[in-house]
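Input: structures, listed below.
In what follows, subunit A forms one complex with subunit B and a second complex with subunit C.
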Partner chain A sequence: MQTLARTPAGGITTSQSPPFSLPIRYMLLGMVGFLVFAVDLVIQSSGLNGHNTFLPSIVALTHLLTLGSLLAFVMGAVYQLSTVAFLVPIKTVTVAKWNFWLYAISIVGLIISMMVWWVMGLMIFGTLAVIAIYLYSLIIIWSVMATNLRGAMQWFVLSAHVYLIVAVSLALLLIISFMVPGFLANVYQPLLLSHIIFAAGGFFTFLAMGFSFKLLPMFTLSHGFSTSRQKWTLILLHIALWAFIAGIWLNDRSALWVAGIIGIAAFINHLFDVRGIMKKRLRKNTEAPIYAVLIAAYSGGFAFLLLFVQLGVALQIAGWQEIVTFYLMGWITLTVMGFAYKIIPFLIWNERFRKKIGKEKTPMIADLLHPNRAKPVLIGFLAGLILLTVCSLMEWIPGTVIGTLMIGASIAVFAIQLLLVVNLKKVGKER
Partner chain B sequence: MIDLDEVREKLKEVYDPEIGINVVDLGLIYKLEEVEEGTLHIEMTMTTPGCPAHDNISQAVEWTASLAAGVGLVKVDVVWDPPWSPEKMSEAARAQLHF
Partner chain C sequence: MARQIIELDVREMLKTKQDPFERIMATVQQLEANDVLELHATFRPEPLLKVLGKQGFRHAVVEEATDHVIVQFYKSREDLPIFHLDNRGLEPPQPMVRTLEFLDQETQCQNGTMGVEIWNERVPALLLPELTERAFEFQVTDEEEGTVRVKIFRNQ
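So, the complex of A and B:
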């Protein structure tokens, strides 16, 4: 007996997945990062408020979330999902694999340097981290540019990575300003705010929206929804981002208002898209992780609304720390958590059971980690975030501590759940 | 002579691991044909292009079909035209999805 599976002559090849060991190493680093972040968050819970943003321990905590957890996890996810969304292989898997070690070592060194505020350490490890992030971004841009599929999603992902390069370049300038007294001293605040905007509003936002257009339909089995709004979200988001940058550098409040309004419009447009996808879904039982992704999108829009109120009603930029925290947690972290609950079990199932499918009884993906188990974790996270945000704005310390503890506990459980699915004893032996 | 009904029944053992519905009820199998004595040609699709389970499912279809009586050679073509649509699902699959 012979068998032969093939794609039709002239047909497109759809399976371009990189070796399992590429995405999982980054995702594993992200999961460990989430766990360490959760512990550090609990430890620092009593000292968290908008006035302590620039304490070394808080700067380190923030980057433990952004670089050590979110970006590390997202890099792995992008290596996997780019091949699915754009039907192209990753251009240089070997470089991407080696780059992991550069990234891992540099961010560990960078975060420790931030904790103890060792400026030379910031310079050394910061430079290495920037090189690793440049390499990652260029590999993804190179790979995604090769796709034959055209559409807004490609531009979301490309834009995200260009903004990531800009964000980390600005971070390097900030570090140089610490090393060289007087260098860029008069533009330190706009430089810092631009770094945050390009990272959170640029990279993470464009990426989360872009991949939602593929992941939401895939996980909800949605077909026949309109994609015509996607390009408008893309354009609005670019305008909002650059209006923010203009407002900050020109110290022009009206530009900031425009940015706030257009940012809200971008999220509203995105929410219409998401609603369209959900209306056409075939899987009517919506799972908790998917609900989390939907709530995250609303949170992103709400954060822009808060910012607009802050600028327009309170007439001040002070207080942006709470809003950035809400945006980072409520939009970006919640989106990553929601999709992680779906992506990790799939990756592990694919690696461990794919060869057994059809030959022996194999579990379903939900048997590895049932989506219902995400429900209490995500509810705890959201409740904690709401409490933290409200109490921070009201400057009620006990509430912020309880909110922070709830967020920390939820993220810790989330990371442990995923690490148990991955099973560290097995994963080291897999290709 | 291949019993195509037997092949179809066997393919009901191949499940989409994410959705939990077999490939026949999902409507992924477009064509089962004995093109020559002992040679089975299967034309199938996926719910979405780029489906990460593509390789697994098509290989499982190929393997499972090869177990049917009289099958000497299996050729599996994954096609995208016509694209999969919800109408291709069986009543059982629709009920399972509450669709």
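So, the complex of A and C:
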């Protein structure tokens, strides 16, 4: 038993949190984005299959999820969590706050331009969105670089943001390829795939894994677990990502096979880490949102397995749309949903009730949104995703429609639950 | 930092048959009103408990090992012995984990004969439901100086 109550005289201070209004504005945008995405998903459910990925409405729908929901929410979460995970302040809160408006306006303009396929709009709002994402990434990189804490988590987060910069730069090249015929138009397919890989496999994957090393122990009260595997997951993920890029640009199937195998290895390694964290937890009850995060990690590995099988069966990358959808939903969206169920009530409780505790009767975090209420939502989402994936592979349209409707309904309920916790009437008055 | 735990380890002096009394009293003189003296000794120092008790100090004793006893001296109006954990400066979730481990492993806390006061930099929001689940009661005091005190105890 280590009871030594050591005095941290002159020691580090962990109170570096940014003002509440910074993370919450991005997270609110993300929640509204999730709600709009859910409605759009339900509306478009009858037309969704792997064959019409390039329809403007589907492109818009995809970016409503990735940029309007996931990235917006994640940006707010990263502004909040970086200060806790790395014990550093955000370098420039003012720029981060103003950048929100640039991001929000550009994303709305960009998604509308996608829906109506207005190429000039794509160029204008795409450029603005890229500037906003560059600014965000640079603020985080600058802030995280200042930490004295060393470890794999720092490199996961830094890698994620470097890959985000690459992903959005490639997106800009894609837009240019629509306007200027020539070399870029000729390499449209590898450009598009690289954009997806750097965004989904690069940014979101590195970030989700990196922050899991902090968030899972935080929410399960775990410590004393091994961290020695983390660096190997990091290395394996980098190798997998670049093997993908090489395979796509060199049209080399063997590189894609290597990427698939190493990607599976990275997720298996990550799952061992997750298991280690869970084994050492002090919290007696594991809540539904945490189970969702665990299942999401398995889904990520399973998506790589699907890709591997796909490469073996089809001997090409065709069919990637279904796998990307599964990866985006099963791994990234489910991870964000699981952590969001824990982060939002925590953030709101901290802002509204922390100062009142001890002075008056205050609710507990679970009173704001009990984790049990997440259970049916997450089960519905997972069931819908499984149905969608299986029916897509079997090309059974009614099944894909039902699966899509289930996903849409679950995400809508998820967004409404969180918005009710935030309470829009109160949040506007908070600092 | 308005309050701190002053650590004094006299185990080596005791093992070499030296008398640590003067050193202990010199340290006691340095204590501010809210400070805690944490003494590490090889046995429960009964005479010292009485001497400092007469000076208004209460104490909480934890037996870390057969030859390692930790005694904390502090000023308080409460009768229940309180052991103090200074969690400030620890990387989250260590403040919460450290507290729960102490509560789970210390029998005096389990049977309600000793309480714990933790000093954190913020209200440990995720810890509070765990305390309720383990049938501990708590009182939170935010000192507004980067220190939040949470007194944790179990009613006997």
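By definition in this document, the second predicted complex is superposed on the first by the 422 of 431 C-alpha atoms of A that agree within 3 Å, B and C clash if a C-alpha of one lies under 4 Å from a C-alpha of the other, contacts with A are read in each partner's own complex, and residues count from 1 in each chain.
Assume a residue touches a chain if its C-beta (ideal position, glycine included) is under 8 Å from a C-beta of that chain, and two chains touch if they have at least 3 such contacts.
Source: prediction; values computed, not measured.
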item	value
First, second, both or neither for A:366, with subunit B first and subunit C second	both
Subunit B versus subunit C as contact partner of A:169, first or second or both or neither	neither
Partner chain in contact with A:223 - subunit B first, subunit C second, else both or neither	both
Which of subunit B and subunit C A:147 touches, first, second, both or neither	neither
Contacts of A:92 with subunit B and subunit C, given as first, second, both or neither	neither
Doubly contacted residues of subunit A, that is, touched by subunit B and again by subunit C	1-8, 11-12, 14-15, 84, 87, 214, 217-219, 221, 223, 282-285, 346, 349-350, 354, 357-358, 364-366
Residue ranges of subunit B in contact with subunit A within the complex	13-15, 17-20, 46-64, 66, 71-80, 84-86, 89, 97-99
Contacting residues of subunit A [partner subunit C, same complex]	1-9, 11-15, 84, 87, 149, 214, 217-219, 221-223, 282-285, 346, 349-350, 354-355, 357-358, 364-366
Subunit A residues touching subunit B - in the complex, by the definition given at the top	1-8, 11-12, 14-15, 17, 80, 83-87, 214, 217-219, 221, 223-224, 282-285, 346, 349-350, 353-354, 357-359, 362-366
Subunit C to subunit A touching residues, read off their complex	1, 4-7, 36, 38, 62, 64, 70, 72, 83-86, 88-94, 96-98, 100-102, 104-106, 121-123, 125-130, 132-133, 139-142, 146
